[in-house]
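Okay, so chain A shows up in both of these, paired with chain B first and chain C after.
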Partner chain A sequence: MRTFKYGDEQIRTRDIMIAVPSMLIAIGIIIFPRELADKTIAADGWVSILFGGMIAILAVWLVTKLAASFPNQSFLSYASYLVTKPVAIVITFLFSVQGILLSAFEVRAISDISHQYLFDQTPIEVVALSFLLVVVYAVSGSRAGLFRLNSMFLPIIFLITTLLVFFSIVFINTDHLLPVFKTDAQGYVQGTIESTISFSGVGIGIFFFYISLVKKPEKAPAMAAFGMSWVVGLYIVVYLTCIAVFGENTTANIRFPLIELAKTIEIPGGFFERLDSVFFVIWIMAIFNTTALAFDVSVMALNSIFPKVDKLKIIFVLSPIVFFLAMIPNTYLEIGLFGRYVSYFGWGFVGVILIILWVMFKIKGAKQNEK
Partner chain B sequence: MARSLFNRKKQNTQASQNKQQPQAAAGKNITKNLDSNLEEIKKLLGNPSDLVTRELMIGGLETRAAIIYINGLTDKDLINDNILKTIQLNMKQFESNVLEKIYQEVIAITDIKKSTTMDEVSSAILNGSTAFYLDEMDTVLLMGTSGGETRSIEEPSTESLIRGPKDGFVESIETNIALIRRDIRDPNLRFKQHEVGKRSKQKLVVSYVEGIVNQEIVDEIDRRLKTIDVDIVADSAYVEQWIEDSFLSIFPQIANTERPDRVSTALTQGKVAILVEGTPFVLLAPTALSETLQSMEDYNQRWVAATLQRTLRYFSAFIAVFLPGLYIALVSYHPGMIPSTLVFSIAASREGVPFPAAVEAVLMAATFEILHEAGIRLPKVIGQTVGIVGGLVIGEAAVSAGIVSPIMVIVTALTAIATFSVPSYSIAITFRILRFSLMIAAALLGLYGIIIVYIMVNIHLVNMKSIGVPYTAPFAPSFVSDWRDLIIRAPITKLIQRPIYLKPTDEQSKDTKPE
Partner chain C sequence: MKSKKILLICIYAFLSVVLSACWDAIEVEDKGFLSGVAIDLAEEQGENMTFEMTLQFVVPGGLGTATEAGGGKAFRNLSQTGESLYEINADIARQENRSTNTEHLKLILISTDIVEQEELFGNVINVFLRQSDMRRGMLLGIVDGKAKDLLEVEPEHVKIPAQYISELMENPRNTETIEQVRVGEIQEHLLANASFKIPQLAFFSDDRVNYEGVSIFEGDKTKMVGTLTGGEVKGLNFIIGKDQLGNIVADIEGEKAEFVILKGGSKIKLTNKNKENLKFQVDIDVETQLSQYEGTLDFYKQENLEKFEKSIEDAIKKMSEDALKKVKDELQADVLTFGNHLRMHHYELWEEIKDDWDHGKNYFSKSDATFNVEAIVREPGNTIKIQTKGDK
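For the complex of A and B:
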């Protein structure tokens, strides 16, 4: 009975606001306190996060603003208008590749962390495959359904983080936060680059595509930027808590500071000890959101290049690719490297595309909606 | 899959419309001969023993006539007093047009119509009408005399409340409609009649309040009802399963209730009720997942109490679904998460239990399900025995025999109680299915398996619709103003807006303009 379209499949601007944090909160936030603590002194990293966050907010705003200037047009159609069709096809294809790479990284990272925190005997392949299959199931459903999933999981993510920070208060050592502003300029710059990368530019690119589903996208840029500011706020709070609890040196040497934080805290009541597993398991929802959106964008991008191919066929072709890419790295160092390349590629690519498209947009101006 | 089902339905309805029903007297008209008419109708109905044929002479006229009705479907006093007596005692002289005069002047029944075809007459008789034949006339009077034994209005047995109206729906659709009408005296209240069941020819009434409901929902329900192609609708569940959006889902997509107050409230919120003749269960559509955890009681208690009750229900739904799975995951995969003192006592209690936690849990859960099933089917008297036997088996014998640990008994019992605190029986069944899948997932992949299944269930839910309305509304898509009546039940004075996820035509339920 799919003939009935009363419950419309349109995405509202509020869904975009929720999709931004859903997309950006994933593996990055688990790892980044380590990287940042390495570059800055004491709690100074928050300045870097703030700067990095501002860059990210600006990027998100630029992406959504550009996409919203062409309401209800697919990325391929307005990119073709701005930079000729062949170039647009190449860009779209690269976006698809980027989505695949990001999905593969998330799948691999999740199996790797599960291996460390949940079970050490189950083969990584089993964990990765089961996760990937769930992602495939989600992507095969309706696109509006994905956004609904975001708004169902995101409150849980924020709730668990808030609880984590709240229960950490007991363990906070304010000495760890001092001294303030002792980092030199180079440290700040490096930290800013570090946190900007952590706000995965990969994720920002998806909004080139999703804005076309929004019926009235005028407010989308503001909403997306607002959503991005939640992420920045969350990063700052998490970073400060990590530093305050562990101190700068320890944080710089823990592999997954955020999960270790969960290990440290104690929940009164005596029902649970070692919350790291619970925390990570709930965090899987956040990682799932990111992976599903990234995968969906790859599918969407390929679908716009090959409009006649069935969505399900694309999914079934892509999922083995994602799986094999995820299985390529051998050690956790290689996984880290993989993640790094994905992020560099993401930022470089999105940055370049953003600049090119905006320049062309300024030259040619917005075209009237064709539809 | 769903689409192919729909196509099948469509073809079926077309097929059934094309082929004529092979019946002896179908389409025949009434003749002018009384005897042959009576013969004909008896033949058509197979001359059943409960068919009463009374031939009589009209008083004051020397004309033969007959009345036919089915014993048991009709109100005998009505036939005797208002038809037979008035005709026999008639002293007026009619020169011409006798039937018309009798129709207008003699018979003292409001619901009366004329008919000339056998089909109409026979179906009217089967509906409890009385047919009046007059010699040398090819027209028959059909008088609405349906009556007979029905159950009186009682307190509903499935949804009992501490506080609230005590009446419940019955099997008679007229009574049920009247019960709703007594609650809503709005002239915009609509009852649209359909007929379902190829053989049973039952009445089905779609009810809604025009001006509140979204017309698209009504149209869609009408369209789906027209595809129904069954012999008999023994309960509204047939209709529910036929028109629901996804028959592969384990979640109930249409609510059912025995309570008129619940139906009336839902109608004024912009929902549609479907009443089926012969069952006290009325369907309510569209529905959302969150509504399965709500009870009418919530509105009859003050808001703080109601909010706490709802929170409690969400908590018990969580226990009902997750607890055995969590137990398996924690005990067999993540014992490190349990505080050391607790883990020692669990380990001590599991000492001597030969099975792994997963087998133990499945064993106990299955035992509970069997007990539950046995308790429902058995007569009440024997049901108590089952309770005692079950209590002994679960509580004592299994533990002392060393088959299961006492902790497992606590887990099973807690899960059982939590399942019973869920107000809707249909969602409780869903929870039981989910519980088993979570137990299997936990046995295979521990906490990771649980979250994977949880995500999968969520994916399924967000893609689901109830008559086109997202099933997870108002959580996602989020309608923040509807959250006032979700987990929190805001004070009644704040609930002035109708649920907007139903996209009602008229959103305000009260006049909020400042006076």
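For the complex of A and C:
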């Protein structure tokens, strides 16, 4: 069975390197300083981010390494080889479900945040729908185009975040960073779990699929792990800035610490006094990337199960489902819970699949080499 | 083909509705920009606590442009009374033709009548921290007397009173003032139940506001317990090691000398760790420049220079001790950052005593501090002598 329909849409390993941070930088980075500050003392949370980051880097490496061992094969085809075809179809289907849930959550979260900070009169449904329509438009186009969009947005995201940190320097109170290493082991463990989920809850799994588009994927695992390390770096910088500006207690009590950080900044001179509006534009771009990739993977997964169905048809069937799911939660607590479940599901599911596939690969992959 | 066209037209029509996102569009001309808020207790009290809130709106016409001065007043104050700030806000909205925009709100003034009562301060601040379009950078000032009077002050050079007052708090070049206090910082202190300080202002005349001193808040009950003024604020600043720019007057063999502080800092050390009897040592380092001296000592001689330095050290020590005495014994609110020092450098001890620091068992008032001042005169100023009186 040839599922490799988009053979002309080859991407390079460098695109994978950029896709990793594009996928992983999303809603999580806006919220995680709060959750981490709650569990650790002063600025100790960076240790947790580092550990969580190492776990995430390892996970990304394992995913891409496995996928790269079967160059130019779709996930369904190599998973069928490893764990029989029916199981592979179920797994692929679940990946698609995860992608749908994730896009639904991102759509909801971005509409909710923009509702709170940008437009309080516009109904949330309208914001969500407009955002989703743009995502749908991006996904219906060429897949290589999506990756190009990633490489266009990502530098801007990093640039603005750097600016944000730079302009925060005035507001930093170094007293907040002391004392160091006073968190107990339990705090570190909880913090590490928290940051691991924040990193990789959002779909490292997509790289099971995307590696098949890479022509020569030998270097992909190293590139993906490198891309992941940017995310870890960004998280640590953002976390330390939040703590240094707000202090641990306040960070733990601000709903969206990163947004408040953007709002704190006042650049003298009047014209650029408000950096938060720029920051919002950039952040919507980041979340757009994540949503588009997640949605695209759902489509790709379903397409590999039903190769005869047109890609556009799948998109048009999925988008109402995403919209509907996004509109289910009512209050901020339910949205939070939704996010939790999506992360837990994402992390647990990818973890289990990763282990199963690697075990099977060790058993069967060896056989293949003997031939 | 035709049906496809109709479909496309429908889609475009729909998109133009959705993508324009004009639900929230408010023209700049229709926005009432809020520049300052003053909160007082109402003169007539009802069953519950009644506040009086004054909002200061900017009147753009009065501001004029860069080349052309505006005519008339550039602000407009609206006051109402009510039991909650939201209620008052709604009342004011019924009198204002433009929709209130708080994004440029820079100043919050609160009357001492409010903050001297337990817990009220927290309730008032809550609104400013929760509203999503409020910024954490809003400056806070405590007003001795009626807060709304300050928003009526019209200085000649600044058109908007709120702007004048916030600039006044932003630019302290004086040892008797402290750094500006932002609303965001207050949340930190409230969450930690820590004591804190806020600039205290008072009405001076129709065109002036006076920076009176520093209001001291006790963290546990979040109420104002007292005011530091003059030398006490200087002492406080010397102990904390911040905002030391300004002058210092010392006495040298009966003659007055005045010094400008070029640079200063302090270091706090814990010398006795027994929690019933904590002992701090504060090392204060100051570099000064002579700014006024009418005496006859030749300060180009090393021994006389040492006399000068000794006199500065004594003066600083005296002020620090006065401040310590007032803050520790009288007000019993730790605004000297001793608690912060313990948190940063003696975390285990701090965890043990933080709930009884400056309230409850009050370890703070049981503690003691000694001062170790090191002053140098770096520069003598431009001239050596102005008048000749017999040399010594």
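To be clear about the criterion, the second predicted complex is superposed on the first by the 352 of 371 C-alpha atoms of A that agree within 3 Å, B and C clash if a C-alpha of one lies under 4 Å from a C-alpha of the other, contacts with A are read in each partner's own complex, and residues count from 1 in each chain.
In this text, a contact is a pair of C-beta atoms (placed from the backbone, for glycine too) under 8 Å apart; a residue touches a chain by one contact, two chains touch by 3 or more.
A quick note: this is a predicted structure, and the numbers were derived from the prediction, not measured.
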{"item": "Contacts of A:T13 with chain B and chain C, given as first, second, both or neither", "value": "neither"}
{"item": "Touching partner for A:V278 - first (chain B), second (chain C), both, neither", "value": "first"}
{"item": "Residue contacts with chain A in the superposition, chain B compared against chain C", "value": "B"}
{"item": "Partner chain in contact with A:T64 - chain B first, chain C second, else both or neither", "value": "neither"}
{"item": "First, second, both or neither for A:E260, with chain B first and chain C second", "value": "second"}
{"item": "Contacts of A:T122 with chain B and chain C, given as first, second, both or neither", "value": "both"}
{"item": "Partner chain(s) touched by A:S130 [first = chain B, second = chain C, both, neither]", "value": "both"}
{"item": "Touched partner set for A:F246, first chain B, second chain C, both or neither", "value": "second"}
{"item": "Chain B versus chain C as contact partner of A:L178, first or second or both or neither", "value": "second"}
{"item": "First (chain B), second (chain C), both or neither touched by A:R148", "value": "first"}
{"item": "Common interface positions of chain A, toward chain B and toward chain C", "value": "118-119, 122, 126-127, 130, 274"}
{"item": "Interface residues, chain B side, partner chain A - complex", "value": "2-3, 5-6, 214, 216-217, 220, 224, 245-246, 333-334, 336-342, 445-452, 455-456, 458-459, 462-463, 465, 467-470, 472, 475-478, 503"}
{"item": "Interfacial residue positions of chain C with respect to chain A in the complex", "value": "15, 18-19, 21, 23-24, 103, 132-133, 135-137, 184, 187-188, 191-192, 340, 343-345, 347"}
{"item": "Chain A residues within the chain C interface of the complex", "value": "41, 116-123, 126-127, 129-130, 133, 175, 178-179, 182, 246-247, 249-250, 253, 260, 263-264, 266, 274"}
{"item": "In the complex with chain B, residue positions of chain A that touch it", "value": "1-7, 12, 14-15, 114, 118-119, 122, 126-127, 130-131, 134, 137-138, 141-142, 144-153, 270-275, 277-278, 281-282, 284-285, 288"}
